[in-house]
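Look for chain A in each of the two complexes below; its partner is chain B in the first and chain C in the second.
Showing the complex of A and B:
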């Protein structure tokens, strides 16, 4: 007896070769040319194939023979429908829905800016104030309570509360208050709540660590690389930012667990020549990955750009050299990951919704993340409140003291912003091969181009994303061993 | 300044406009209309002087835009169906599956292909 499944796989050659009379229907596709007369063709859910441009042209014009290798490649990636591939539409719909799953869950990340005070004076920081005036820059108990009320009204069953600053530990009393109240309220609301504190670790004490351990609070810190670079990027009295961060990481890992401490770096001009040293520092401290992040084009960072900024092309070189060094480390038996490359690979190679709030369509502002500022003002994202510190209140959605949940999250203002962030309706994005694995950022475009939609040919955001996507596609197509690493990262 | 005369019987105005938009970071673009041609004028921005390269990019972009339009026309209906199916509360493609009694097998999934005539 022949099993039906096997039977369907082992068919006569003629089934694959077909004949000239066999017709096919192209399915939604977007393309981008690659070197060597090839083209990357993406389907509706971000999967892609790389085929010769001449085959692609024949495909579009309805003349691609069934025996052609590209035909089978296109068919297997739901880019072509013929009489033997009836499930493609169902599968595309299913994957499309899964890729957008986070939209229906609504706002999951709630950022509490508990203080603007900080002991550091980093030139790239958008918001911090070196001040001892607690009243002027700290979140009050009343403001925190009202912000928490709004956060807990989110329909999302899985809430993450992230405490930001300034240096958030300088207002640890408010962090404790929010954690205790949220933890007490969560069971009755059927929610799970995760907490993370963004901190430079400088004010870390044993009682703080005890509280974090008791409530499973994760710590996210800044580590710009080796000692000299870090201390130069992140000045503080005593010039010992790196020493304090490193000691804090050690103590926090010891008390909270190794995986409860993560780190982020920011690339300044001084970082550009130290890519390997930065990565080595992360490897040396046992971090599993690094995100080679560009300099945010906001606020203080923007004003300091003459000192710490750089042309985009120099960042591209820094990034690619760093990524290739990480590949080399992996080949030498050191497992390590670059997070942006992993994110893009995950979007291109898996059917899952990655939910990265800075790169979504529609943008994650308000619907995936929201920021409650120290003074009670509510902003559509962390970057929005950074703009507000420079007197641009475009993305202010309300005030915790006066606004209801509905007034904030169902406001015409938020909906009008979100309407401008769909890649399907954004000039050039709508026809871009990468639009299913990319997103929009109305705050960056507003800040850099004076328009939330923005103009793609001169958009630094778009140029950066094109570079990153081009690089990942090229590696996947032409570098088998590095492609294997990207596949591994995508599935981690 | 590069001036391209583009036959109206080959290129649509939408394609010409799209190319002008795409190249707007590198050149100031002017579009004009003569009897049988679209006229696309490209004046390179400061620092960009390679006119041949600019013309080459423009013509390649024109071909790409034409291909995009063909694709768009051929697949627009499918795009709408896929999105509708993705977010619909009911099965739009196979409504019979929503209405079938529990325990039945309307697609014959349990039967061998030889009985259903299905080809994968």
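Showing the complex of A and C:
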């Protein structure tokens, strides 16, 4: 841009912008084509600009002229370095470190699978058993104590203990034991410990709520949407899963506080045609957001996939329609978010570390989250203990009864898995525009492709991420009012 | 500066220039008279112990203040030069914010500087600030340090903030600096070591692009130094406010600037967008710098909304409410000090006048096409 001329005692613009010197140095950049002859160019911390493809070609050939808008955009987004502005490197370093801050904190999420028993028989669940045999599928006191010892050895000052099942409340005695012991141990260790119980809420009693209130335990439940859909997705004797969940949410909010109860949904084939109803149900119950979650790809290898599975493309349509409906709700004055879109927007638009364990690089297995199974076996993630229920023990890292902390968290086995999960090095990720806002999942790739690294062109994980990232980039580029919503979500 | 008329009888011990506290109480107990200047209207017998006695009226046989300076009151601090027969007000107790000009030297030469730098040695300015600190009432809310570039004399700066911490532990200290010297981590460390309890640095940053910022401040490499300074301050827990002055060399990138701050410097505590003050260099660069605010307020609105979505506290200074879109008005502050604050005749019927920043007195001749009185409904 040509700037006005100042009084003669001041120096001209040309003395500050390098003047005739047209040389510039491209900084690390990744790109992806967009419709209308445009391209999204990403820098090494996941920020991007959208510029005409012709400008991009000039840019990589070193011929982009200084006054060009694209030149300024690229420079502003740390994709280009010229004669001044070397602090771009310092800022990139600062942001790169901030984005990886959770790595140095190490394992924060510790999952205790306190029982496999459950009163539900949901087709998308791989692990639960309808059984009255407490001895066979419940975590024992000794196992829980040993698991807690390991969890408290984590250097992370903020530990989160999540109780999982089966239906975790069916073994509430062990939950109480772990909560009391952990709470007693925390001050001397200088740690804060948060507790969350994943539960379908059907066994919820007043004494359980009292205990949760006293120890500030949050509840995370499953809510698949409206009554019919939820009850057909989540069968239990009496067919009243939804009624029990809804009543449980009401009572828990009353006693623990409105925000102490969260809900997750899983998309089955039956959900695909009910996007609006599902979202309306969440809005109706006063939740601030929903996560439109796909069916875990483990389902595809599973016998239920014929009944509840669906082609990826149908999920994409479901997701986009749902997201657009949520935008519409916001425009009608109802603030509500979609969590996956918010996560991606946060990664693209802010320098902050999101620390979402299922989408990290290196993967969060072991280093961000770990699962202690009911029988004491230690798994790298919640999903990897599900694999183990199908007799695949690839991601077993040890046993609480015999393994030391070092043997679990500093094992060659865990290191070799993590080495395969860094997007800078995994094939095709390393050249993908989205790698910095994405992550890897060795468990999914192992389960679906027989290889922890995986092959991207046929990877359902990769196809899903590409779809989500493409969608968010398109919305940010072409839909200003929706882009503002995404910006807002990114900062919440 | 206030000229003194009348007889130049300052007494023998008053020969040198000195920072003094003002009192109007001629019955002040004698131990408290040391280091004070008595401003009086009446003739009394005994002025013993006061450093200097000044009169508001020429009926008395004393050095006399100009009538417009009669606001001088108890607790104010003045710099008196008996030889040159003038005094300067350094601190006014009744004003919520007092700024001390500690130097007129500067490492930058911003094209819109309202107080253009001078090269001459002026350590006496720092000295009078440092001398003033113990005289400032402990109840003072905020004291500003401004220049020139206050950090150029780094040793005196450290001495000043150490003294402020010692004498004024409950007073916020606001320093206007270009931050360039803080690119040296050691300098930032020295400041952090003082552990002042309430210290804020207001740092100008005029573009997301290094060459543009360097052009505006007329110093090559300034952008990199300021950015590295801010990074060092963040590392050491020093608090930063970013200031952006709106004119023709900056406004075309105000949207990108807001995005840049949110992405790169989200830890800054405050971002202030400031309307141009028609003073100093602005007068000689007026045609090059002037943009009617109505031509940039939409971009400004985008910038403040973007930063506020990014949870960064954001303000607009020096712009009247009527030129701003309604959505930007909550960010506007009454930022102009009373002694240089004025309004136009059109403002008399405006329902928002009492909440409005108004104008710098010297901006009145060229305000904006957008000036119009707001009705109660429009507010």
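The definition used in the following text is that the second predicted complex is superposed on the first by the 469 of 492 C-alpha atoms of A that agree within 3 Å, B and C clash if a C-alpha of one lies under 4 Å from a C-alpha of the other, contacts with A are read in each partner's own complex, and residues count from 1 in each chain.
Here is the rule we go by: a residue touches a chain if its C-beta (ideal position, glycine included) is under 8 Å from a C-beta of that chain, and two chains touch if they have at least 3 such contacts.
Quick caveat: nothing in here was measured; it's all calculated off a predicted structure.
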*Which of chain B and chain C A:94 touches, first, second, both or neither*: both
*Considering only the touch criterion stated at the top, classify A:25 as touching first (chain B), second (chain C), both, or neither.*
first
*Please indicate which partner A:487 is in contact with in the superposed arrangement: first for chain B, second for chain C, both, or neither.*
second
*Please indicate which partner A:455 is in contact with in the superposed arrangement: first for chain B, second for chain C, both, or neither.*
first
*For A:76, is the partner it touches chain B (first), chain C (second), both, or none of the two (neither)?*
second
*asked:* Between chain B and chain C, whom does A:33 touch in the aligned arrangement: first, second, both, or neither?
replied: first
*Using the touch definition from the top, say if A:84 reaches chain B (first), chain C (second), both or neither.*
both
_Under the stated touch criterion, which partner chain does A:210 make contact with: chain B (first), chain C (second), both, or neither?_
neither
*Looking at the overlay, does A:350 come into contact with chain B only (first), chain C only (second), both, or neither?*
second
_Touching both chain B and chain C, residues of chain A_ = 4, 7, 9, 11, 15, 83-84, 90, 94
*asked:* Please output the residues of chain A touching chain B within their complex, sorted ascending.
replied: 2, 4, 7-9, 11, 15, 25-31, 33, 44, 56-57, 60-61, 81, 83-84, 89-90, 92-94, 96-97, 100, 427-428, 431, 455, 457-458
*asked:* Please output the residues of chain A touching chain C within their complex, sorted ascending.
replied: 1, 3-7, 9-11, 13, 15-18, 47, 72-73, 75-76, 82-88, 90-91, 94-95, 349-352, 484, 487-488, 491
*asked:* List the residues on chain B that touch chain A in their complex, please.
replied: 18, 21-26, 60, 64, 67-68, 70-71, 74-75, 78-79, 81-83, 85-87, 93-94, 111-114, 118-120
*Which of the residues in chain C come into contact with chain A in the complex?*
109, 111, 208-212, 214-215, 218, 220-221, 223-224, 227-228, 231, 248-249, 252-253, 256, 259-260, 262-264, 266, 281, 284-285, 287-289, 305-306, 309-311
